[in-house]
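Worksheet: one structure, shown below.
Labels for the chains are A, B, C and D, by order of writing; each one numbers its residues from 1.
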Amino acid sequence: MSEIQTGDYYTRHFSPGPSDDTLIINMGPQHPSTHGVLRIIVELDGEYILRCEPVLGYVHRMHEHMGETKSYTQYLPNMGRVDYLHALAWNWAWCGAVEKLAGIEVPERAQYIRVLTTELNRISSHLLWWGAYILDLGAFSPILYAFQDREIIMDLLQIPTGSRLTYCYFRFGGVSADLSDAFLAGLKDFVPYLRGRLPMYRDLVTDNVILRKRCEGIGHFSPELCRRYGATGPVARGSGIDYDVRRAEPYSIYDRFDWEVPVLEAGDAMSRYLIRLAEIEQSLKIIEQALATIPSGDFIAKGAPKPKWAPPRGETYFAVEGARGKIGVWLVSDGTKTPYRVKLRAPGYCNLSLFAEAAQGVLLADAVSILGSLDLVIPEIDR
Amino acid sequence: MLQTEIIVPAELVRLVLGIVALAAFVGANAIVLVWLERKVAGHIQRRPGPFEVGPYGLLQTAADAAKLIGKQLTMPAGADAFLFWLAPILAFLPVFVLFMPIPFGENLYSLDMDLGLVLILAYAGFGVLSLCLAGWSSHNKWGLLGAARAVSQSVAYEIPLLLAVLAIAFMTGSFNLQAITEGQGPWPWQWNVAVQPLAFFIYFACALAETNRAPFDLPEAESELTAGFHTEYSGMGFGLFFLAEYANMIVVSSVATVLFLGGWQGPVFSGWWWFLAKVYALILAMMWFRWTYPRVRFDQLLNLNWKWFIPLGLANLLVTVAVV
Amino acid sequence: MQTSALVLFVIHALIIGVGGIMAVASRSLVRALVGLIMTLFGVSGMYLLLNAPFIALMQLLIYVGAVVILIFFAIMLTKAPAGGEEERPNQVRTYLLALMAGVLPTFVIGWVVLTDQPASINAPLETGLKALGQGLMEPYFLAFELISVVLLVAMSAAVILAFKRRQSR
Amino acid sequence: MNIATCPFPAIAITATDYAKCGSTAYCYVEPRNVVRAAKYFFEAGYFIEDVCGLDLEEGFEVVYHFDSFTAPGRVSLRLVVPHDKPVVPSIAGVFPGAEWHERETTDFFGVVFEGNPNPKPLLLPDDMTLHPLVKEQKKRQPAVNVFVVHRLSEGKEPTAAKKKPADEDEEA
């Protein structure tokens, strides 16, 4: 071949295999099914993937460095931008880490508010994933049905949080505003409404024979694979690993509610799909119980930190269950107003890292299905 | 000076008039269909669809056409210019030939040909050719993959399509579309679909595959291949592929109407309106499928063809021959 | 009608000729293929001139719709080795041989036509489909079956090749 | 876990208050023993949570968080490498998931993970030479200033217990 160097750094360092008949192709960063700006360099034999390598960093914003330059309160809005689909879980992860470090008690009502809004946010994240995944498989309509339901959630969450997507609602020691009656009434109506919609989704999409053929047996992840790559969330639970941070590392008041962790053994894309749908139902269950038992009281602790507050020195690790898996925040403080080190463990990052191994030898169309079933949010992966 | 007597045969006049009329028909229909597709998609997806431009958004397509025409035509570096621009033209031109033998009414056809059906089948092959050329010449790997898919898909699906069509031809004993129409009665139970439901099913499935409509839209498969064979086309280059897709939809629906649904005959007031109604019903069904089903995978598509459609088509043909 | 027939003949001959030259002379395989299609298209027009529409349409259906597409497929799936035979300029000897390969058959056919002129009909008659089918199944049955044997052999060979490739994967 | 029963050569093991700092134990090892430690955690059924860096006055601290799906209780495996020669053996051969975390740490801190199967920049551009999380000299803190180790029962500061160097020559 000619000596002219083509491609960029990553393509040049992606050494092709020994065969002459393969095709090296850039899937992304502008590709319809990489959900944003993920890029995957793929070596294809026909339509079979021989090898692939994800290339990240196209929306990398160095949130961890921002954490070292901003004060604790100033860093709060960053969380909604890490994973914009389940922003409240990240809110919670950051607030929880700081509260754990400084030993701040969260009032009872604030705990309930956090559970209610986070679970609602989880449903909206799963709904969006559901639509987007079916879109990856080539059906256009379900995503708009999902958006219709998600719209109600966003309208609801707008009432207490004031924003629709990148929420910044939690504060150290509570939340920024109390839940209004309009929100509580709306939520009360929403639970049976969504329950009524779910059977329709099942009839329309889940039982569709083409969808089943595209998901069943595709992208099999063994529990061992999940463990080696540290996959968590629906990806791990779809592979038979009974692991949910809300149960395994209990935080807040999740132990008061009666709910289950859905686990399926199959480990294929279909089981991940079903897990997420089942999680919507479980979240509804939690919301229903929390709505029934929400106490009155303060929505933020009396001695909640002021903006220029500095926590004691020390370090802590706090994890919450996000829609995509285990969100972890490792926080090191040197006792000043800015954190010494913030490490954000993004679940999507770990889940995606197993893709290169899982996609070996599958068809390109199946790779799209696997990629979709991982539920990627690229800003969260790149941070 | 040589005196030549110019004889213009009536058949030629009919042909020229027919082609002009067909060009208008195809153009008008494509515009209506694009609008219809968006409206159908909109209503399936619980949104209004286009409704800003003109009444009910009727002028939306015109606005889009103006936009497409106004856009710069770009070509990637390293592409084969001749083939690159030949492909969209080749996609659209044969469409006129395909329409010629179709009888829209008792006397409404532009070419009365004994081999009308064969003519349509023969020229339908050019569509695939244009897809291949487009994918290959655009110097794009996604385009190449799309072209490879287009080839194997259409080669595979042409066989059961032919088998289904042959069953009807055997029954009628003619390739003349007018004769096939007249071989059926005006009432639905006299149509070929009542006698040959399997052939109709196979034909319609294959027609979806041949026109690259969902769930068989693998050559473009935008979630896998970005846009497949027409990834690199801009402006009217893309527009011609788009028009050809809709024109092909009308063609396959028209042929299905003639072969299986009694053509222009209806229980009352037989005429071209019946023909159009049937064609549009089929097209609506195609749109309905597209906006409902996920896309099948490539090997599933081929397996479906080789393991089900071809054996079924052959069996159907054998039974038909035995009965006839 | 004679003049118009002649004009049409010339047009088709030109299409065939240009297509042939394109098929032989172009560097790119796909362009050569387009030339081949042009030739086949012209030939099909010739059949139409001979009042044999069925053969003309079959020519398009089988050659353009299937054979050429398959060749296309083969071209897309194989990569010409860089610096292979096709890339070097041809030698004079090759051109001479090519010219001979083209001219010799013309001479033979021309000679046969000139010495033993077949009885020609001014306006060719259209043979009905039925007659065509009967002709294939009755007097020319053996030839017809032999062709199908050839196709069968080709098909089995293709299957065997495909299986070998699949096993090596 | 206990320093005496620890199956891999560790420098110090501190049992910590899980409720306060989110880990059950901090386990300090020499950089060259990290692969053996990772192997132990792999065989014990842990999964890798993340690999983080931390810039301290003593050097770069690399922290591996391991957690278990079945019996929760995070263990953080730690090691310190000097600023001028930040080289750590890669554990990607044991936990393939560590590959990305290690590459990320290389991007942010310039810590080199020897033996990483794909040592390219992951999150930062390939031509970037700056390591954004490396602190200026005057902003670096010594470890004592940031670590308050919450021991389980006694409130004493941890004492670094040296392990016998008998089996330290085994490299993975």
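Operating definition for what follows: a contact is a pair of C-beta atoms (placed from the backbone, for glycine too) under 8 Å apart; a residue touches a chain by one contact, two chains touch by 3 or more.
Nothing here was measured: the structure is a model prediction, and the numbers come from that model.
Of all chain pairs, the one joined by the greatest number of contacting C-beta pairs is A-D.
Distance from the centre of subunit A peaks at C, each centre being the average of the chain's Cα atoms.
The central chain of the assembly on a C-alpha centroid basis is A.
Work out the mean CA point of subunit B and of subunit C, and you get 27 Å between them. Subunit A and subunit D have Cα centroids separated by 26 Å. Per-chain CA centroids place subunit A at a distance of 43 Å from subunit B. Centre-to-centre separation between subunit B and subunit D, using Cα means, comes to 64 Å. Annotation for subunit A: no residues touch two or more other chains. Note for the complex: subunit A touches subunit D at residues 8-10, 13, 53, 56-57, 60, 62, 64-65, 68, 100, 226-231, 236, 241-243, 248-249, 312-319, 326, 328, 330, 332-335, 340-341, 343, 345, 349-350, 353-354, 357, 382-383. The part of subunit B that touches subunit A in the complex is made up of residues 41, 44-47, 141-142, 144-145, 214-215, 217, 221-226, 290-300. Of all residues in subunit C, those touching subunit B in their complex are 1, 3, 28, 30-31, 34, 37, 53-54, 57-58, 60-61, 64-66, 68-70, 72-73, 75-77, 129.
Contacts from subunit D toward subunit A in the complex involve residues 20-23, 42, 45-50, 52, 54-55, 63, 65, 69, 72, 74, 76, 95-97, 99-100, 108, 118, 120-127, 132-133, 135, 141, 145-148, 150. Interface residues of subunit B, counted against subunit C in their complex, comprise 4, 7, 80, 82-83, 86, 113-115, 118-119, 121-126, 128-129, 132-133, 136-137, 144, 147-148, 151-152, 154-155, 158, 175.
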